[in-house]
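Several structures are given next for inspection.
Shared between the two complexes below is chain A, which has chain B as its partner in the first and chain C in the second.
And now, the complex of A and B:
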């Protein structure tokens, strides 16, 4: 009887599992296999098993470290902005002044924007000649010549970080706000009776209560940002001079502009390893903080 | 005083969040000569809907829009169907390895699409699914399925098991109890799942870029991207095209935002 029950349960799960196998788990093993092959789509005569040659090549290539560095700078900066400003936004919205609801809508609307569209809007705003950002900065006298935001190496990285954070911020604010609402109002009242000022209330009540949510959301956001493709590809395509070439963009370009599937797969395996470490940390986090 | 400070801070914050959208609307309402002005005004001097008309007249744009709607709706339906079933399996049956399997499901959500891109390119080629709607739909379902299953599992857990058991004692089969008794109660979860799946499909760019080769099957993100890379892009038209691309998610949000929050935050917060 128990056996039958288990089977029925599996039967419910089976269709979804099947789809995941075809589009996720089976391709994943194939990526590992491809990483050991020489496979260049435009010259199929050279296909052969090469073992770890790609990895050897990658690890002795200084560019890889540069791209890993870019990926980390991009991811960590964007996540930091999202977490800090997500928390600030949520604290601002966690008030009872008239108009809070209107502000809530204003904060959440950008969430609905498809990321390619967001990237296009910002690309237009950052346009060197006709972009509004340069116009405003010139008219208030901060700069006197137009800044080529997306064709300078450092500036383009800063730009994609800001845009990625802008896109991710609304969801962070919503979740933080939901978290703030679970903190009992009495705690604050008790703290006020004891003479705690707002800063003390924040560091002794709000922050400890929000610790788990911030950690979990920070980690999830880290994974999402690390995997970010749409915004960078639309805004810079990985350029200028590879300044925004994160691992994900690098893999795509290796596979679909150089058609070097073997090398791209080896890079994909390395990326998978990095993500796995973070996911394992995330699981530990959930276990430690209780079933979430 | 404190209140004034609050209004100032939150207004600056809101301006940063909303200004890009206002600028997009402003640009879309301007005639072309105003776009390429070195001293652009925030309010268009001559408001015109010409760029919207131009965009809607474009056959390719209408096709991208139609493709996006079709692919997103199909993948949403399939994703809701599969996750409703799987979530029920995860919430009601305590078989060996259940937890591990749920974890495996969830980790699938965290694998970047680009890692799977090369094999999926081969698989789709072998299955003759390159440049077809079915290929895109299959890929998009997978992107929303893990999280959708999780949302559904959470919703089912809040429905007492005694309800299905009572129905089964009354002679209903397991499947009938599921369809007739549990599923209706889990409908808010299905709405959340549907919203999530639709948004995922609407937003997707990497796979439409890779799996579609002809203009016929391109979805909106790829379409907009290809407009931008054309020589001499007309930004007012591009912004008008972008505004139209936001309308479907906006409509969903306006009518269903209650479900939005319930589903998404229940995923991120303790239930």
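And now, the complex of A and C:
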């Protein structure tokens, strides 16, 4: 009887399992396998098994550490902006000022636009000569010469961070707002009776109640941002001189400008390992704090 | 009432967003070939078997499509037993698409292709060698400079379908205002004019410096004009780091520092053209399709075209597109018929008039309408100084290495000499020495 039941159960999940195998397990194993091969599409005659040679090459390459560093700077800054401003935005929208709903609709716009389109629009807005941002800044007197936002190494990294945060912010606000709505109103009333000012209310009630949500969202956002491709690739293509070359962009360029699929797969495996560590942390977090 | 306002507002937003989206999907959905000849096929000739070939054309803009749609329609009217399935691939994705399709064995029967990709595809062993398809006189009908780009390791791998040269476009009225009686002909003069144009938020030259092959395209004519070259004659070694090359890059850097927007580091060729059209820069280097752009977008511009200013010898970039057949095709005969039609004398002339490209067929060089057009005549004249990129499989990577070096020198993280030497080391490793 039990056996039959479990068989029936298996039958039910079989379609999903098959789909998973095709779209997840197969590409994953194939990538691992490729990472041990010499496979350059444009010179198929050299295809052969090379073991861990790619990894050896990668770890002795000074560039890799530079790109990992860029990726971390990009990810951490963007996530920090999203979490901090997401929280601030949610607090503001939670106040029920007049017109809150209009703001709410406006806030969701970046989230509704496809990220490639958003990045293209930003590339135009940030353009030195045509860009509206330079024109506005000049006309209100903040700067007096046009700034080439995407042409200086540090500035271009800042630009892509801001745009990535801009695109990701609405979702963060929505989730934080939902979190705020779950905090019982009575707690604040009780605090007021005890004479707590709004700062104390925030640090003793709001923040502790939101801790789980912020941690979970921060972690999820970290994973998403770490793998972010569209925005950077569309805005700078990894340039100028690799200043915005994150791991994911580096993998893409290795695979599709050098057509070196073996090396690109090895890089993808390394990225996969890094993300895995964060996912394990995320699982622990969920176990500790309860499902979200 | 309030709710109604929100509803209206959201509706408006929704409309706005879908409206933006629609345009793209509409043009994407344009069906390229509406075959009219379908019913004519079966009727009279029983022996001719009906075949369908698939063809890719690089380039997706409407003007470009309208020519090829028409071409295919005329072809199918003339050869009713051959049906052509046509797909347009954006230039920017063409190389990826071809190489990954070659690896996956999903190539079409024929495709147009940038000449600089052909050797790479040949090295992947997917291109059909064409020498057995035509007799010895056939090649004489083509312009040598265009035909030579199809040769690699003494075999013919494609037919030319587009041939362009480049020149320096300038705002003629700016030149006059700055007090020059004629366009610059030497490097020194060029820099002088460019500097004179640079003031008041305007710049002399719309330099291209992003990390792509378009940067190499912009710089290479200066290298050649200084007597340098990219590779040795036998293509075994990099020589763009010769003293001539270093000097050419230093000059390019001077142009950038003195007379170009700082943001040129992230400008592509299209950006440079737009800067010229909007009157933000006074000069740019482009090919023969550009007068059409000016006519469409900024007809008020008084422009002039002049050869690249030179240091030691005249030079400009000549590029050829090819049409190739893949050896995976099972309908080679029909594919060849299509290629022959695509490149015949009549269609070469039609294409030249439609797109402003210069003819690749000898017989069309003296066509009245072409020689009487001032712009066309210019691009025809400079064809004798046109230099094409070397034909070898490693070209795209060499191209990238050079673009990276130019960017490093422009920003100043390396000197021109170091940047080129480092790039040469990468290229020499690619070439196996």
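The working rule: the second predicted complex is superposed on the first by the 292 of 292 C-alpha atoms of A that agree within 3 Å, B and C clash if a C-alpha of one lies under 4 Å from a C-alpha of the other, contacts with A are read in each partner's own complex, and residues count from 1 in each chain.
Assume contacts are C-beta pairs under 8 Å (C-beta built on N, C-alpha and C of every residue); 3 or more make two chains touch, one makes a residue touch a chain.
Bear in mind that the values here come from a model prediction, so they are computed numbers and not experimental data.
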Exercise for the section: Applying the touch criterion given at the start, work out whether A:135 contacts chain B, chain C, both or neither, answering first, second, both or neither. Expected result: first
Exercise for the section: Check whether chain B or chain C contacts more residues of chain A in the superposed model. Expected result: B
Problem - First, second, both or neither for A:209, with chain B first and chain C second - result: neither
Practice task
Answer with first, second, both or neither: which of chain B and chain C does A:229 touch in the superposed model?
Solution key: first
Practice task
Pick one for A:201: touches chain B only (first), chain C only (second), both, or neither.
Solution key: neither
Practice task
Using the superposition on chain A described above, determine whether A:117 touches chain B (first), chain C (second), both, or neither.
Solution key: both
Practice task
Determine, under the contact definition given at the top, whether A:101 touches first (chain B), second (chain C), both, or neither.
Solution key: second
Exercise for the section: Answer with first, second, both or neither: which of chain B and chain C does A:175 touch in the superposed model? Expected result: first
Problem - chain B versus chain C as contact partner of A:92, first or second or both or neither - result: first
Exercise for the section: For A:256, select first, second, both or neither according to whether it touches chain B, chain C, the two together, or no partner. Expected result: both
Exercise for the section: Check chain A for residues that touch chain B in one structure and chain C in the other, and list them. Expected result: 109, 112-113, 117, 127, 129-130, 256
Fill in the blank from the handout: chain A residues touching chain B in their complex are 5-6, 8-13, 15-17, 19-20, 22-28, 30-31, 34, 85, 88-89, 92-93, 95, 97, 99, 103, 106-107, 109-110, 112-118, 120-125, 127, 129-130, 132, 135, 166, 169-171, 174-175, 178-179, 182, 213, 216-217, 220, 223, 226-227, 229-230, 233-234, 248, 251-252, 255-256, 261, 264-265, 268-269, 271-272, 275, 279, 283, 290-292
Handout entry: chain A residues within the chain C interface of the complex
Key = 41-44, 101-102, 105, 109, 112-113, 117, 127-130, 146, 148-153, 156, 236-242, 256-259
Completion exercise
Residue positions on chain B within touch of chain A in the complex are 3, 6-7, 9-10, 13-14, 16-18, 20-21, 23-24, 27, 35-40, 82-83, 85-86, 88-90, 92-96, 98, 101, 103, 105, 107-108, 110-123, 138-139, 141-142, 145-146, 149, 174, 178, 199, 202-203, 205-206, 210, 220-221, 224-225, 228, 235, 238-239, 242, 245-246, 249-250, 253, 261, 264-265, 268-270
Fill in the blank from the handout: Seen from chain C, its contact residues with chain A in the complex are 6, 9-10, 13, 17, 20, 96, 99-100, 102-103, 120, 123-125, 201, 210-212, 261-266, 271, 274-275, 278, 280, 393, 396-397, 400, 404, 407-408, 411, 413
